[in-house]
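Read from first to last, the chains carry the letters A, B, C and D; within each, the first residue is number 1.
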Amino acid sequence: MPQHKSTPQLMEINLGPQHPATHGVLRIVLTLDGERVVKAVPHLGYLHRGVEKIVEDLEYFQIPPILDRMDYVANLNNELSYVMGVEKLAGLKVPERAEYIRVILLEFNRIMSHFAWFGPFTNDLGLFGTAFLYGLREREYIQRLFERTTGARMHYNYFTYGGLRHDIPEGFVEEARHLANRLPAVIDEFEYMVEENEIFRLRTIGIGPMDGKTALNFGASGPFLRASGIPIDLRKDEPYSVYDRFDFKVCSASGGDCFARYKVRMDEMRESVKIIQQALDQMPDGPVRAKTTRHLKLPKGEVYMRTEHARGEFGAYIVSDGGVRPYRLKLRSPSLSNLMASCVLLPGMVLPDLIATVASVDIVLGCTDR
Amino acid sequence: MAIARPFLIALALVIFVLSNIVFFMWAEFKISGRVADRLGPMETGRFHGWAQPLADILKFLNKEDIIPANADKLIFRVAPFVGFIPVVMVLAAIPYTNKIFVRDFDIAVFFVIALSSFTFVSMVMGGWASGNKYSLLGAFRAAGMLLSYELPLGLAIAGVVMLSATLSLIGIVQHQTVWNIVLQPIGFLVFMVAMQAELQRSPFDLAVAESELVAGYSVEYSGMRYAMFQLGEFFGLWALASMAVLLFLGGWHGPYLPGIVWFFIKFYGIFLFLAFSRVSVPRVRPDQLMDLGWKILLPSALVNIVITATLIVLVPHYQLPLAISEFAILIGALYLMRRVLK
Amino acid sequence: MAENAAPGSKNQTHLLEIERLLKGAHGQALVATEVRNDELFADISPAAVPDIMRWLRDDKSCRFDYIRCLCGVDYPDHVTVVYHLFATKTKSKITVRTDVSKNSPAVSSVTDIWAGADWPERETAEMFGLVFEGHPDPRRLLLTDDNDAMPLRKDFKLDYGDARRGVSE
Amino acid sequence: MNAAMTNYYYVVAFAIVGGVFGGLLLTVARIMRPNKVNKTKLEAYECGMEPFEGNWTQYSARFYVFALVFLIFDVEIAFLYPWGTVFRDFGVTSLIEMFVFIGVLLLGLVYAWKKGVLKWL
């Protein structure tokens, strides 16, 4: 039978900004041939709030709450790069106890973020609601700990240069330990829920594969990069805070497809639990905040501080002119690079695979657009 | 009176089915809620949100009805009726016991299959007429599914027809001294899968595909017109779940309890299966769906027919050999498929 | 902290070696270099960007194969474009800075060297009014197409209305 | 009226009731619902953006092949049902005849499969 050769009429269609599967307000202009994607042009900026400009008018102590609003799923991870950069420029020494509390909260935050990824991902695959709410349920337990600790539900504003805003509340350690002990079983449950499912496997294995070299060239980072078989994890490679004192392994997977990305995140949560348990065991007593002034003046200079965010490398490039406000604060968002990398995968895919691939990248548009 | 009688029966039946549908909706809310580890509706009507479906219907009635400017207005208006009327017509052919039925059609099987596929036609019409690209993609998918799942559904039933040598649903049930699920496990499985596809239930809800096509063919439909599509789907569920009970599960046969009770026990068993499968599996991709339909279900249904026909003709007491060989093939095939998919 | 590697550490020696090689290969284009805190800083002239960048990626002692961050900083008389590079093998870091004059705000694009520079370059271009020559897709990234403002330049002032009343200077 | 005619009289009655019922729902909705359309509401939905031109496009050619294969098998089903009700009266002969019929169609399916036209996307 001769194949149809004449040029097909292509359909140009907006996917987003108001679409159930674009995780906020990503807009991709698709050119479709039937359901096959011929061209995919992402348009960003629908959540652009000018964070980098706003912070230039703020003093150093006022900035963390703005950063909380960037990646609204892993907020504390956003704050860290910035406060560590300020500490480095100012030469502040953070008390040990604060470092440990930071690590505990950061890892919990990472787990929360991965839970908040897992749910929507299965939702985008069409498992409507079920796993989504399981993810959110577990997130909620951790969220309560955060609320009790920081006093806020989303925009914690808990890290500050020199340590933490205030000490952890009564019973924090017990509750954190209880949560950490509970989590491995929960993660097993999640894996059991989806991994044994043939349709889930059919929809994820081999979908949207990215090889390590391309991912690296595109500046991808985090679980997205590690799923492509490149075990780069800043917690291990360039240890910051007290991460060099913990025993954990960098999770990576080969294949670089949606399933690998899922698997890496699941494994990573287990490692996070390990870190939390170790940190809880080693946590010393003492103050949680170094002596600093409110209107801190940083010496003239610049620093690029990067930390391993839940989504990848989160960088804060602070340029100081010696005043009380940053001269320039550039925020390197992991979502941006990962999204950029994933966008080269899209042409040639079919629509459902495109949705699965974009969902597997774990973008948060607040972080991408800033 | 004789002229008015069918109309009254039809009205009574529609209202009866509708009240059941209200219960379906509530049950689905609660089941999908409990499966997802939450309560589902709890407020409306005080007791476990029993009035939630009614509130939903009221909401549909109150919604503004918008027909997009560049829609094909006539087809846009007609499409919900094309989906709704045939499934109401199907009700005329479905018996509930050997005493409670509307009419005993001698080609009832044919009739039900033919009319229940109108759902797809309405989707294609509605999706195309909306003048929207998402609905158009949904319509493509609906058309593809219509083509691919009509065949396995029909062929799966052919085996049953061969066993009972009649096309009347009452005749088929009366013939089932042994339930057909025992004699026709392959046919039953194919029927159940094809049925889910016909009903647009997850994992085959591709024409709607919330996370991909927003709402598929029904993107532009709002208010009561949209609700009519939903009603049509629920009526279709009623028809096909009844068919599953009548063809494979022995209809009203069962010990101790009256036939009508047995019928509805089995019917709600099928409904529970559908409700649970909807919330426990992700959606398949269109090409996977087509592959399943053409490359697995269709050949299996043909194999089923060949085995059934051969054994009926060649073996005098064919029931036991038929059951054994069908189950053997089924288990072997499922094992092989699992091996391949792993 | 592990951050501040002692002078003379393995990494430090490696960076000094790179600094020496860089001076040898592109000495005329270098404005200043410095090794501080386990990181190499190099100020280069904008004309030399493509050459030096390609050299940094391809030279076998450097192999900076990962671009972490690309951004601009606005100064009164010029815009500095800052590249943060990283070598995944040796884990060494380099910060390359180049001052682009505001009169002819053009600098060569590095997207053909690191694909990861694509969107950051687009963002920097629109935020500072720069032109990245040779960029394959020089559309705006975050701003709307009709927005000609250069928001991250210092002469662009935010208008807060009453929102900032009472904030101490 | 004979039984078959009565049956179809019932079917028509059900169809009319279905139609009237649907119409009734829409009429009730028309009375209850607000009606404040404006230009933006009447636009086709495309994720909040103004739609690109051309809301109708061509069908894929593959679709046509699918439809052909479908048609053939649908005809087969139409033959199978009446055959299924009577085939035991004719014994092995009818069996072989039907197998030849199914076999030919199956060959067609295998041919289409091998040719790769059973690929949806």
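One rule holds for everything that comes next: a residue touches a chain if its C-beta (ideal position, glycine included) is under 8 Å from a C-beta of that chain, and two chains touch if they have at least 3 such contacts.
Not measured: the values here are computed from a predicted model.
Chemist: Count of steps on the shortest touching-chain route from subunit B to subunit C?
Modeler: 2
Chemist: Quick check on this structure: which chain has its C-alpha centroid closest to the centroid of all protein C-alpha atoms?
Modeler: Answer for the innermost chain: A.
Chemist: Going by the contact definition up top, give me the pair of chains with the most C-beta pairs touching.
Modeler: B-D
Chemist: Counting only Cα atoms for the centres, state how far subunit A is from subunit C in Å.
Modeler: Centres of subunit A and subunit C (C-alpha means) sit 24 Å apart.
Chemist: So what's the Cα centroid distance for subunit C and subunit D, whole Å?
Modeler: Each chain reduced to its C-alpha mean, subunit C and subunit D end up 61 Å apart.
Chemist: Report the inter-chain centroid distance for subunit A and subunit D in whole angstrom, where each centroid is the mean of the CA atoms.
Modeler: The separation of the two C-alpha centroids amounts to 46 Å.
Chemist: Hey, how far is the Cα centre of subunit A from the one of subunit B, in Å?
Modeler: For subunit A versus subunit B, the centre distance works out to 42 Å.
Chemist: In subunit A, what residues contact two or more other chains?
Modeler: If we look for residues of subunit A contacting two or more partner chains, we find 11, 13, 19, 34-35, 350.
Chemist: Could you pull out the residues of subunit D that touch at least 2 other chains?
Modeler: Within subunit D, residues 46-47, 51, 57, 60, 121 contact more than one other chain.
Chemist: Two-or-more-chain contact residues of subunit C, please, as numbers and ranges.
Modeler: Not one residue in subunit C touches at least two other chains.
Chemist: Name the touching chain pairs, would you?
Modeler: A-B, A-C, A-D, B-D
Chemist: Can you check the complex and tell me which residues of subunit D touch subunit B?
Modeler: Subunit D reaches subunit B through residues 4, 6-7, 9-11, 13-19, 21-22, 25-26, 28-30, 32-37, 39, 41-47, 51, 55-57, 59-60, 63, 66-67, 69-70, 73-74, 77, 80-81, 84-88, 91-92, 94-95, 98-99, 102, 106, 109, 113, 118-121.
Chemist: Which subunit B residues qualify as touching subunit D in the complex?
Modeler: 6-7, 9-11, 13-14, 60-71, 80-81, 84-89, 91-92, 102-103, 105-106, 109-110, 128, 130-134, 136, 140, 143-144, 147-148, 150-151, 154-155, 158, 161-162, 165-167, 214, 219-220, 223-225, 227-228, 285-287, 289-291, 294-295, 298-299, 302, 305-306, 309-310, 312-314
Chemist: If we count contacts the way the header does, which residues on subunit C are in touch with subunit A in the complex?
Modeler: 1-3, 39, 65-69, 71, 73-74, 82, 84, 88, 91, 95, 114-120, 127, 140-144, 151-152, 156, 158, 160, 164, 168
Chemist: Which subunit B residues qualify as touching subunit A in the complex?
Modeler: Interface residues on subunit B, with respect to subunit A: 32, 35-38, 133-134, 136-137, 140, 202-203, 205, 209-214, 278-288, 338, 341.
Chemist: Help me check something: in the complex, which residues belonging to subunit A touch subunit B?
Modeler: 11, 13, 19-21, 32, 34-35, 122-130, 132-134, 137, 194, 197-203, 350-353, 355
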